[in-house]
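Okay, so chain A shows up in both of these, paired with chain B first and chain C after.
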Partner chain A sequence: MSESAPVLQVEDLRVHFKTDEGKVHAVNGVSFHVNEGESLAIVGESGCGKSVTNMAVLRLIPMPPGEIPTGRILYRGRDLLNMRNDEIRAVRGGRISMIFQDPMTSLNPFLRISRQLTESIELHTPLRGEAARARAIEVLAQVGIPEPAARIDSYPHEFSGGMRQRVMIAMALSTDPDLLIADEPTTALDVTIQAQILQLIRRLQRERGMSLVLITHDLAVVAGLCTRVVVMYGGTVVEVAPVDDLFADPRHPYTLALLRSVPRLDAPPGRALEPIEGLPPKLMSEPRNCPFAPRCRFVRDRCLHEAPPLEADADGRLRACFVPIRAGQAVDAAEERP
Partner chain B sequence: MGQFLAKRLLQVPVVLWVLVTISFFMVRLAPGGPFSGEKRMPKEIEQAMMAKYHLDESLPRQYARFLWDLVAHGDLGPSYKHKTRTVNEIIAHKLPYSLTLGGLATVLALWLGLGAGIVAGIRQNSRFDYASMAIAMVGLSVPAFVVGPLLQLAFSMKLGWLPVSGWDGLGHMVLPSLTLALPFAARIARLTRAGMLEVIHQDYIRTAWAKGLSERVIVLRHALRGALLPVVSFLGPGIAAMLTGSLVVERIFGIPGVGSEFVESALNRDYTLVMGTVILYGVLLVVMNLLVDIVYGFLDPRIRYGA
Partner chain C sequence: MSKRTGQPPLLEVEDLEMHFEQRRLEVTAGWPPVRVARTTVRAVNGVSYTLHPAETLGLVGESGCGKSTTARATLQLHRPTGGSVRFQGAELTQLDGPRLRALRRDLQMIFQDPYASLDPRWTVGRIIAEPLRNFSIAAGGELRDRVEELMLTVGLDPSFVGRYPHEFSGGQRQRIGIARALALEPKVIFCDEPVSALDVSIQAQIINLLQSLQERLGIAFVFIAHDLAVVRHLSHRVAIMYLGRIVETTTRERITHETRHPYSRALLGAVPIPDPKVERSREPVLLEGTLPSPTEERRGCDFVSRCPLRPRVDNDGRCLGERPRLLPFAGDSSHLVACHYADRSE
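And now, the complex of A and B:
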């Protein structure tokens, strides 16, 4: 645990969406924090609420149909959810920047790169005109765009996917934010480009002492980049742990299953992958049980009637599960479902 | 861009030649002629008239003569109905009325249509959205011969704010240009709203929000261009149609524009005047569509011309 106050603290966040089929409970009481200079991963499968949680941080959830019935999102002690419009706008892109999954669609195809970069810089820093442009060229160089001075007036379609994601990163970092939220920044890219982009993010984060929240479903990405991991399932946080501990000793059945479903090079040949059977919950109602219970191999009666709270084990590891798990086994194995 | 423009400019005469040729022969196919009216005129006089206007020649010869006069002298020939005036004179006299009326209607249609469309798009399902789209629906479906008299009834007869008809100063222009503009404003509003709705759900608009930009900047700088592409396509034929005037609006408000000539010349088999108005509309349409293509190039940098 860090001594200094966290940069970002999310407390009991709930996000609902009204749809024609009913109310979707996308995020159900999520709490986590991001320490100064830390890189935190938020891991989970599609629809677990990880993106929605982070969209809520910058109040980017369209309301309606979205609503945030409870929760606080504290940035350096101030609740972003209660901020006036001009205050939250100063935080967006200024103190907290976001980069998104698909660089092919996240840049405006109608505007030159220079325009898209300088508008952020002019909004959030004292730099104007030529100085803002010089700053834009500088950050393009930092993210590894060759000949940035010549290419700054290009349009997005004149760049490849990897280069566009570099431009997105340059845009996010041009204002010197405290916190970068990267929502699956490499999912849409070729594998070779993925590694480059991740290295770039890691290098820039270290150089700047910036905090990072990396949202991903890719555990390999987490291992190389992050120090702490929040595992989400069905709109809740199911486990929080330092990255090494999580990989060595997962304590939640979902984390365990997730790690086992990943192909490993050091596994004996011929060993079958273990998929997680079943489908993630639909979240059409307020969960009254453990959201993972229907797919859990350790499930007990209690899991079906009660939602386990996120609580610390004796050694301080946070997890939301009624079943003690050590080394991939329920400790009181007698109660395991046959 | 320059190469594209040159290519498109070279196409213009070809398009117009095809238009002229087809319409020349089509009017002639219609039964009757310029001098076959209710009153039969003596055969000798009719023959003399036919000879005077070369209508007794073979069709190919007439066509060649018409094309030569048009290309070499820009002369559309004499009107068969208005015997003292040439088609050039008639158009030169009437076109300014139509251009003024159409120009005003264009400005009104753009102002009303874009304004309503943008606000309705970014405030989807709001009261403004429902109200403006309901009005647009009315504007699209109620014809000018209903809208015009209703406006006259309300603003001229009841309220007495504006003159009923005639063409003498700005006051006279308000109701006719509004009547003419309404269906176009409605189309523009609906296209703008649809375009806006599509664009504001794009990822790059989310990026713009995440940058902390104000809604104003997001709408005007980031969303509007993309949203306007379908509107711009419509504006080519739309503006051409407004500028050439409308028989109905001109009739209701007593405006001596070319719109009436367009219809009347066809009914009168006034061959040369038909050709004149068709060519006028054709030229306007071709020019407007050329402008649309150029504007498109400025709006969307992904469009590459020339290849």
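And now, the complex of A and C:
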């Protein structure tokens, strides 16, 4: 881990949404940081709060129905949550950029790519007119779009899915951000295209020393791209670990269960998958217990009455669990506690 | 695994062809100022495969390669424009409505989005009972018993019989779709991306359910998905499609490291492995370009424009001039490859 101050520090973030059925506690006291130049993964399944957390970082939570009762989001020491609207606009899409899952819904179908690219360049950099256009062509070339000078005046529908995602990445990079937040950037793409886009993100990050937050449900993508991982479940962070440690020695039962529930192309055929029985929590109230307890194989009485805090093990690994898995512990059916 | 290959195949598909005519208005230079331009989309272009009882055949390939259309044309949901589909000896392409309908009992399908394929205004009980009613198989108390039994089979609580699809989670909705497909005790179920919309922990539940159903009931599956790890996990054999054709068919054991078609290698090489050490140590073969248009007709191999192998091996233009046929590799009939230079790929 780097010695310098983190680029982004999220502290005790809570996000609630008022709905007809009651208040949804989408994010419940999430803390993590992003170091300079690192690529951090935030992993979890639908509804775990990973996207909402990052929407909050970008100040994109609609309020109402959303509210942020507690939390600080420090970008280079300044709290994004206290910024005026014009201040946040200068940061969002400029110093902090984002890419979303579906490039077709994130691009305006009525506007040429050139217009959409130059708009953000003119908003966030001193470049104007022809200079902004030249910059746009330059970033399109960097993301591997063939004949960028000719393609720049195309409309989004004239590009394939993979090419549209490249355009999104070009747009995100056009303002030379120092933090890129990518929310499931390859989920909608075919694997061969996914491999191209991941390679591209890897190269651009290396060349620019940019920090990356990758939000995904796909552990395989994390393994190839990220150096540190935050695992989320039920609106909370359940484990934080360097990528190698997380895969080799998961401490939280949810992390272990997640790793065992995915089929691997390189595993011996015939290995049975271990599904996680039950369903994720509905988050209709402030959790007073471990959110994973109802599905946990190792659950104890205490887990049902008390929410475990995110604490460090002796070796500094962070996990929110009263009965963390020990390294080398045989975790098979025989070890399960009643 | 059960013994599958000793028996005659349930389903034999040969040279299946599904071409769609596309019409659009085109502006002309002269008079009349517009004309109707017709193009043919060759979605499925000569696909052959067999399926044995209690076997799972995986069908993989990228978006637009024709895997879903292959399933639909096999089931006669689209009437194929060419080729033959024999199910237990009956030629489905020649059958008229009523006789085809009778065979549909044995051939069912489950879909990717369980929400879009379930009527939101129907209760679960009615959805699962519908096929039984349609074929007048059960009524009254017997029907209720059968629905309850089906719900138990797929792991749904029978007390939820009066609930509507929106009251269930995605995984449970997929279970409803599976119960409906099982109602007529089919011999074959086509599964079109049945777990793609589900979270991984739920995905594993459905995968295990499909496997246990096969073991208990001996159902054969054609399993379509873009996730190769999932397909390999479930399938006994895997067919890899590219641009409306099968380019390679091989066994589950060989799929990871012993494929011979350069497209198969690129596709499998692009699949990330959930292990950081493995990921760091390998260099994916990146395919250049995208899928060519399915409206073009080619004489040679469909993969020439992107093939990483061809520049090294094709000295006499054979790849461009002659379409490779799907043939046994090294005399092994369980491993079919459509590449002139399959023995040169590495």
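Here is the rule we use: the second predicted complex is superposed on the first by the 324 of 338 C-alpha atoms of A that agree within 3 Å, B and C clash if a C-alpha of one lies under 4 Å from a C-alpha of the other, contacts with A are read in each partner's own complex, and residues count from 1 in each chain.
Going forward, a residue touches a chain if its C-beta (ideal position, glycine included) is under 8 Å from a C-beta of that chain, and two chains touch if they have at least 3 such contacts.
None of these values were measured; they are calculated from a predicted model.
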{"item": "Which superposed partner A:Val243 touches (first chain B, second chain C, both, neither)", "value": "second"}
{"item": "First, second, both or neither for A:His217, with chain B first and chain C second", "value": "second"}
{"item": "Touching partner for A:Val91 - first (chain B), second (chain C), both, neither", "value": "first"}
{"item": "First (chain B), second (chain C), both or neither touched by A:Glu274", "value": "second"}
{"item": "Per-residue touch tally on chain A - higher for chain B or for chain C", "value": "C"}
{"item": "Which superposed partner A:Arg14 touches (first chain B, second chain C, both, neither)", "value": "neither"}
{"item": "Touched partner set for A:Arg319, first chain B, second chain C, both or neither", "value": "neither"}
{"item": "Shared chain A surface residues [contacts with chain B and with chain C]", "value": "none"}
{"item": "Sites on chain C touched by chain A in the complex", "value": "1, 62-63, 169, 171, 199-205, 207-208, 226, 228-230, 232-233, 252-253, 256, 266-280, 284, 286-287, 290"}
{"item": "For the chain A and chain B complex, residues of the former touching the latter", "value": "58, 60, 88-94, 97-98, 100, 102, 105-112, 119-120, 123-124, 155, 157, 168, 171"}
{"item": "Chain B - residues contacting chain A, complex", "value": "202-204, 206-214, 217, 221-222, 225-226, 299-302"}
{"item": "In the complex with chain C, residue positions of chain A that touch it", "value": "45-46, 160-163, 190-196, 198-199, 217-224, 243-244, 247, 257-259, 261-266, 269-270, 272-277, 279-280"}
